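We call the chains A, B, C, D and E, going by the order they appear; numbering starts again at 1 in every chain.
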Amino acid sequence: MPYKLPLGPLHPAFEEPYKLTLSCKGEIVEDAQVEVGFVMRSIELLAQRRNYIRDLVLVEHVCGICSNVHASTMAMAVEKIGGITVPDRARYIRTIMGELERLHSHLLWAGIGAEDIGYHSMFMEIYFLRERVMDILEAISGNRVNYGMISLGGVTRDITDPKSILAMAEEIKKGLEKVVIPIFTQDKTIIARTKGIGTLSKDDALMYGTVGPLARASGIEEDIRESFPYAAYDDLGFKKVVLDSCDVQARVVVRALEMMESIRLIEEALKNLPSGPIRPEQVPLTIPDGEATARSEAPRGEVFYYVKSNGTDTPARVKIRTPSFVNIPSIRAMVKGQYLADMPLIQASIDPCCSCTDR
Amino acid sequence: MSNIFSRLIQTSRRRSPWVYRINAGSCNGCDIEVAPCFSPRYDGEQIGAVLQGSPKHTDILLISGPITLRTQEMVKDVYQQIPSPKAVIALGSCPASGNVFHGSPTIVGSAEAVIPVDLYVPGCPPRPQAILEAIQKASVMLEKGETRSQREVSHE
Amino acid sequence: MNNWWINAILALLFWPGLLSGALFGWFLLWMSRKFIARLQGRQGPPFYQPFFDFWKLIGKKTIIPNGVNPVLFYALPIIGLISIIFALALLPVPGSSGISFEGDLVLLIYLIEMPVLMDVIAGYVTRSVYAQVGATREAILTIAYNLPFLGALIALAVRLHSFKLATFAAAPISIATILAAVALFVALLAQLKVNPFSIPNAEQEIVAGIHVEYNGLPLALFELTHALETSLLVGLISILFIGPFTSIWMKLLIFFVVAVVVILLTNITAAGTARLKVQHAFKFYWTWGIAATVLVVAAALIL
Amino acid sequence: MNALAGFSLVILLGGVVVLFLSGRFLSTKAKGWLAFVTGLLALGSILWMAPSIINGQTVELNLFPWQAESPFLLYFDGLSLVFSLMAAGIGSAILVYCIDYMKHETGTTRFYMLMLTFIAGLIGLVSARSLIMVYLCWEVIGLCSYFLVGFWYSETVAVNGARKVLVMTHIPGYALLLAILLLYKDAGTFIWTDPAIAAHFTTGIFLLILIAAMAKSVMFPIHTWIPEAMNAPTPVSALLHSACYVKAGVYLVARMYSISPWQPSWNTILLVVGCATMIVGALFALAQTDLKRLLAFSTISQLGYIMTAFGIGTPFGALAGVFYVFSHGLFKGTLFLCAGAVQHAAGTRDMRLLGGMAKQMPRTALIWLIAAGAIIGVPLTNGFVAKWLLYDAALESGAWVVVIIAWLVSTFTAFYILKATVSVFYGEPSDYLKDRKIEEASTGMLTGMGILAGFSLLFGIAPQLLVNWLAKPAMTAMKFEASQSMTFLGFHMDQSGAPVTAGAVLAISALLVVWIIFAMRKPSPKGVSTFTGGDPLPEGNTLNTIDFSEFTEDVFAPALTALNPDPVYTGIWQGIYKFSQQIRKLAENLEKSPVGLILGAAVILAVVIWLV
Amino acid sequence: MALKELTGLDWQIAFTAVSVLLLVAAELYASRINQGKHFLWMAPTATVLILAGIWVPSTMGRTLALDAAALLLAWFVWQQDKQAGRLFLLAVIVGSILAAIGMVMGGLFGSEAAAAPVGTMLKLVISLILIGFAIKLAVIPFAFWLAPMAEKSTAMTAVLVISLLDMAEFGELALLRVEAPWIFNSVQWIWITLALISMFGGALLALAQTNIRRMLAFSTIDDIGYLLLGLAAGTTGGALGALIGALSHSLCKFLLFGAVGVAEKDLKHPVTLEDRGLSTRHPVAGAAFIAGALGMIGVPPLMGFLGRWRLYFAGVEVGGLTLGIGMALATALALLYYVRAIHRVWLGKPAVETKKAVKDDSLVGIIFIMLIILMIVACLFPALLPGMGGR
């Protein structure tokens, strides 16, 4: 008789509340039900009641991990309606922020992943490295989380000392190359716990409409930074990472290589940082009638914003579709027949973000 | 003799705060700042703080987020499951005021309305140093018997 | 006769029993926490941490979860604790006034298994799914790690033609002793539930494992039992090495040094590995465990 | 007095003949009563002899001259008394159970004839003085077992079980025959009381007899037939595979004590075999979900205990062995009969489909609990006394390894019996049972089970009855000094030191287990909810014992595969079969030209003869 | 007679009794299940000839009578199947001629027991007699004729050949064993080797068959191996065991072939291992088959056991434990093929659900049951065998 084992909403392996009810037979998981909605704060509703300036702050709080990408995508959509051009320097800074965010998010994920297979030392190692990323973020934006860097038409703060940031980036690169990536790709216990686990076939990945590293680890060649380049990705030359072994190991590798690519992008952007203003002189408070969509590649995949303006300073409709919203259901396709002991890692391998999902 | 023991227990309450974390609708900004508190740079274990997995083992409850309607009962239930004496720390601005979510129809907006809070840590999110300081303060409150759970018991 | 009782009580309560066992166990637990913290680049807990953890739990109000028999809730940790104290009293540490008789090793093995059994029952009794999964894993793991553990002890006993612990402590160091110590060490990893065999209390899967519903005094007793278990099991390895020395101080020194080395080795292993699945662990103990046992028995019989 | 010796055999075989002649005209129930009365009469005739045997005499009877060197000689001594009482006594209790259990079956004439023949065969085996007659009875009970297991002969599972029984017990039986013939060749007699036999009893002969005994007494690695035999009617499982049939091997081993000058090295062999068996049986029992298969593996494990007890080789060991044999017959018989009652009522014996039956079948549950307590070794039951005697014997002789293994296995025993108890009688009834009307077992069945369980309790409270009246004469028969004293509850006073401590620990831990089981059943109603991740779980969502065995199955799978000897046997069979196909091809090629074949073979033969 | 003095068993009387019993049983059986056109008169004739071969005092007379019976049966088989008949005929003619020449040359046809020849003559005589009897008794490698005969002829014809003719020939060999022990003694190990080859070869070949009748034929070859070994061992027990074994063999083979015949009448095709669960339709025949099989293996309490343990003992006496284990292994093989046949063909679920149970002929059933009871009783009260009192 299968028994039910709830993972969550409060669970040591989860940063955020969502509920995974596992039906197990012995140690084998037969099925899983996913329940979300614990963190629903009605952000889309609130956004329609506030003006564009306040909305940028509000959407930053959709998710604390990928706050920047939400604000910048919203800004992109509004800029499209309003016909506001973003200065080159601001585009580069937005790219740097986006990649730093990806770096810290992937490192956070790697740390939690290590913790999920009980590798406490690895967690500590990664968090130690992540603090360096946090330092850069703090140096640029003044905040460790929720940076408030995006303003309509540009960014709020300039990067004043690219050299020191480059030096820090170099350190992170070394840390990644010497410690994190080798351990994640070569350590025997980690390979034993990741290889062949939680397979999501390409067909399933397409059926669930998965996005981001999860999809790319299942062989779907899709990265918004390449397909629909925004910010400065076109100038910097971007290479996406795709693997087709479909298991947790593939997701680990995809994220690891993406981190390396992020570092490269950051360094490239810092070296080629154009001079000029960081935002237009004049940004209108009211946006003309119209609607627009914007997409960008968040650490977890594609973020999609739809903004409809009615000519006032308040949007008529803001629709946010986040990557975890489509990724979380695909857990069901991965867990069947897996061991209970692998469940935390499998659910972590999609890097679920519930505050994104629930909004 | 009993005095020595009660003194010992009081000291040990300060020395050994075990922490449990609830995300009650946070944007997870506060939560990702709790984890670094126990990582090498900040290392909460120096003051004896350990992150626990079960509320039954807990002394200090960290609560983040504006408390959504869906998590309200959960928070109450978990608070009851924590054996006294216990302290509650509200992390960030959300449990205090609702922060940017103020006015949302799906949040309670104040932790106080659900469970008695002992300490507020302002910030969006608060920094790890602030969180650790709050833990330390809460453990001192536990030692002195100043938490609301302890005071309410003594009133009864 | 009187003397015998006094000695027994001394052994139970002071040396190597409850008091020194707890202090030693706390010291070892602190050592491991500190050592791991230092390995991870952290500061680690202060020296008195396990001691305060214990007293804080004592001072907490105990909550009995829904549907759990209160008497049982308290009795299980107490039974476990008492049996581990008796087991400690049997350990022939240098200067022990304890009881020693032919066959006390068998009694020791019984008593070591008792807290494990109580743990498993405690897991089932508390009616939490997490605890029940943890208890099942613990039961399975017990079957697995007892193979090298019992194998090594039996092989040594066969070699020394005695099931008396004092004989173990007096025997000279040989290849068989060292092999047996290695086998005991392998079993120790699972007995202390450290990585890679921290399976029954895998926090990320089953919250806090068996003890998820335990709190307050009973949890404190479980923690104390764990401390005593640590000093007992580490001490069991240590006494294998004190044979060749004659002076009691020398013996004590060696005893402590070996204990510290063992706990450091344990923690190096723990810090450098991820948690295995229970299937892996079972396979590990039944393949390598059998290999180790065969090796020890062969060494005991041939050398 | 001596004439009594043949009574039981004559009565039983007479019953068989009467059944055969009148089977057509009697109702199923009447046949059952006839068989039961026959069994009771046989029991009476054995009890009649009992006093003089207890007084140290032997009852002997020369029935008739059978074959040249081997007349039908009956010889009852203490050891025979134990086993024949077990056969007739437990057999009668099972027969009274059969009356109701079998009332809807067809072919019961065959059934009761075989049951009575079986009992007669066992009594014949244990009372035979001529070794060739021992072999005769040995094979008679083997055949009875074969036919009884295959009672439902048009059901494939049942006959497959029967096939395994026949192949796996008959072939090792040749070892016994060869041993007997070797003894006859050297000693010139079949009569085992003849000193010439003792003089020629070598280790080789011991090993040969042991092989046969291992097959019958389900010792590892020739034990795999017993779980397959569980597709038989339950009384058969109870009679054959718990009470009597599997004890035949034990009898042989015990008898070797009285025949031969015992070699110390034989003890080690027995201990190794016994310990391996008890571990393997218990490990497999943990992973079973079929109630009767679980009990079958538990039988294997318990037989390991018995063999170990005899292997210790001290007077205490022999006492423990004899006590254990009788006790095991009682409590395992009860467990099987309860399992049969459950199957009768619920229509299944799959523990995954059962649950909560204690409400509908309170009496069966009570009887089961007594027997389950006995097999775990709870004080007040005979199982406790048996276990304690075994531990005592092992401790006294310094067989510490045995103590450790036996203790380890007894925790396994507690686990799997708990699992069976809880998943059958407690917990929530499954969906399968919800639409079924479950009725308490009938009075006749309850009587059968109750008698056995009652004796379990009686011998647990007053073991001196069993010890003084049965075990001591048996020990004398096994050439041991029977000087042990025994008081109520099994506490005996002539021991000190380690055994007493260990016994106390054993008693305390066993009592603890019982108390814990009862305490678990009385949960406190109110309190703070358990932690389930924040959200409440649906009612009754806990791990049950089946989940436990699924965990173990999954994890033990490699060990269980490695310890299962069946693939080896299948491999041997496949090898033989392939070889035979090759031979057939060769033969067919040769036979294509018969004249050439004759010529060729004749020439070769002639040449060989020429050269010799 | 010397055989009786040696073994204590009046084999001639015992065999005659068995023959008559089987003749009556076969005639009754044939009255219900057709056994070929001329069975009614052919069977008594052949039996009379065979019994003449047992009772005629002169060696030549015996041989001639048995050869005549063999020819008659060969003709009868030939009528049923030409190929099988030819092979049988070949075996009868070649075997009889070789054996007869050997016996003439050895002086065995003389009225008085002749002294053993010496030198080359001895070897020649032994070779001829050994090969002749090996062909007649169907010992491997001269067993080519038995299986086709058993497969193609009717059940009772096979019983006549195997149970009566073959066992009578064996009896003749046993008499020779007493009258001219030199045939055996000088080449004892060749006889034993031949016996072992027959034992294992027969068992392995039986294991490889799918046709049940062929399997039964090879089981006869297997059993002849044991009987030969008993004679070759040269001990009283061995000879007695062989003779009782032969009697038991006759009875068992009747049960086995009879059961197969009953099933074939119903199935309308030869019984092979592809058939399933015949017991559901023919319970008594199934019981007869099982009893016959167990009797062939020598499981107590069937009569075969009386012979078998003596044969084992003879083996142990001659060859020690090794030979004993070898014999036990061969028996284990025999058990395997019999058990396979029992459990595939007879027991278990029927392949096709029978619409209604066949009412078996009660006369045939009674014959089977009486024979089974006879075998059990004979085992428990061996004194019933003539001259066995006290043995």
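Operating definition for what follows: a residue touches a chain if its C-beta (ideal position, glycine included) is under 8 Å from a C-beta of that chain, and two chains touch if they have at least 3 such contacts.
Chain labels with UniProt names: A, C = 2-hydroxyacid dehydrogenase; B = NADH-quinone oxidoreductase subunit B.
Predicted model only: the values in this text are computed from it and were never measured.
S.K.: Under the document's definition of touching, what chains do subunit B and subunit C have as common neighbours?
M.R.: Common neighbours, subunit B/subunit C: A, D.
S.K.: Touching both subunit A and subunit C, which chains are there?
M.R.: B, D
S.K.: Farthest from subunit D in C-alpha centre terms, which chain would that be?
M.R.: A
S.K.: Where centres are the averaged C-alpha coordinates, which chain has the largest centre distance to subunit B?
M.R.: E
S.K.: Can you identify the chain nearest the overall CA centroid, using each chain's own CA centroid?
M.R.: Chain D is the most central one.
S.K.: Cα centroid separation between subunit A and subunit E, in whole Å?
M.R.: Each chain reduced to its C-alpha mean, subunit A and subunit E end up 88 Å apart.
S.K.: Could you put a whole-Å number on the gap between the CA centroids of subunit A and subunit D?
M.R.: Distance between chain centres: 66 Å.
S.K.: Could you give the separation in Å between the centres of subunit A and subunit B, each centre being the mean of its C-alpha atoms?
M.R.: Comparing mean C-alpha positions, subunit B is 28 Å from subunit A.
S.K.: Measuring centre to centre with CA averages, how many angstrom lie between subunit B and subunit D?
M.R.: Averaging C-alpha atoms per chain gives centres 62 Å apart.
S.K.: By the touch rule stated above, which residues of subunit C touch at least two different other chains?
M.R.: 40-42, 63, 65, 129-130, 133, 203, 207, 212-213, 278-279
S.K.: Which residue numbers or ranges of subunit B touch two or more of the other chains?
M.R.: Residues 39-40, 53-56, 71, 74, 78, 81 of subunit B touch two or more partner chains.
S.K.: With touch defined as at the top, which chains are paired up in contact here?
M.R.: Here the touching pairs of chains are A-B, A-C, A-D, B-C, B-D, C-D, D-E.
S.K.: In the complex of these two chains, what residues of subunit A are touching subunit D?
M.R.: For subunit A paired with subunit D, touching residues are 1, 3-4, 6-11, 17, 19, 24-28.
S.K.: Along subunit C, where are the residues that touch subunit B in the complex?
M.R.: The touching residues are 33, 37, 40-46, 48-49, 51-56, 58-63, 65, 203, 207-208, 211-216, 219.
S.K.: Could you please specify the touching residues of subunit A with respect to subunit B in the complex?
M.R.: So the residues of subunit A touching subunit B come out as 9-12, 15-17, 37-43, 45-46, 49, 57-58, 61-65, 67, 108, 111-112, 123-124, 127-128, 130-131, 134, 144-146, 353-355.
S.K.: Residues of subunit C touching subunit D in their complex?
M.R.: Touch residues, subunit C against subunit D: 63-72, 75-76, 79, 101-107, 109-110, 113-114, 117, 121, 124-130, 132-133, 136-137, 139-140, 146, 150, 154, 157-158, 163, 207, 212-213, 278-279, 282-283, 286.
S.K.: Which part of subunit D faces subunit C closely enough to touch in the complex?
M.R.: Where subunit D meets subunit C, its residues are 395, 398, 400-401, 403-404, 407-408, 411, 415, 497-498, 501-502, 505, 509, 512, 516, 519-520, 522-533, 537, 541-543, 547-548, 551-552, 554-556, 558-559.
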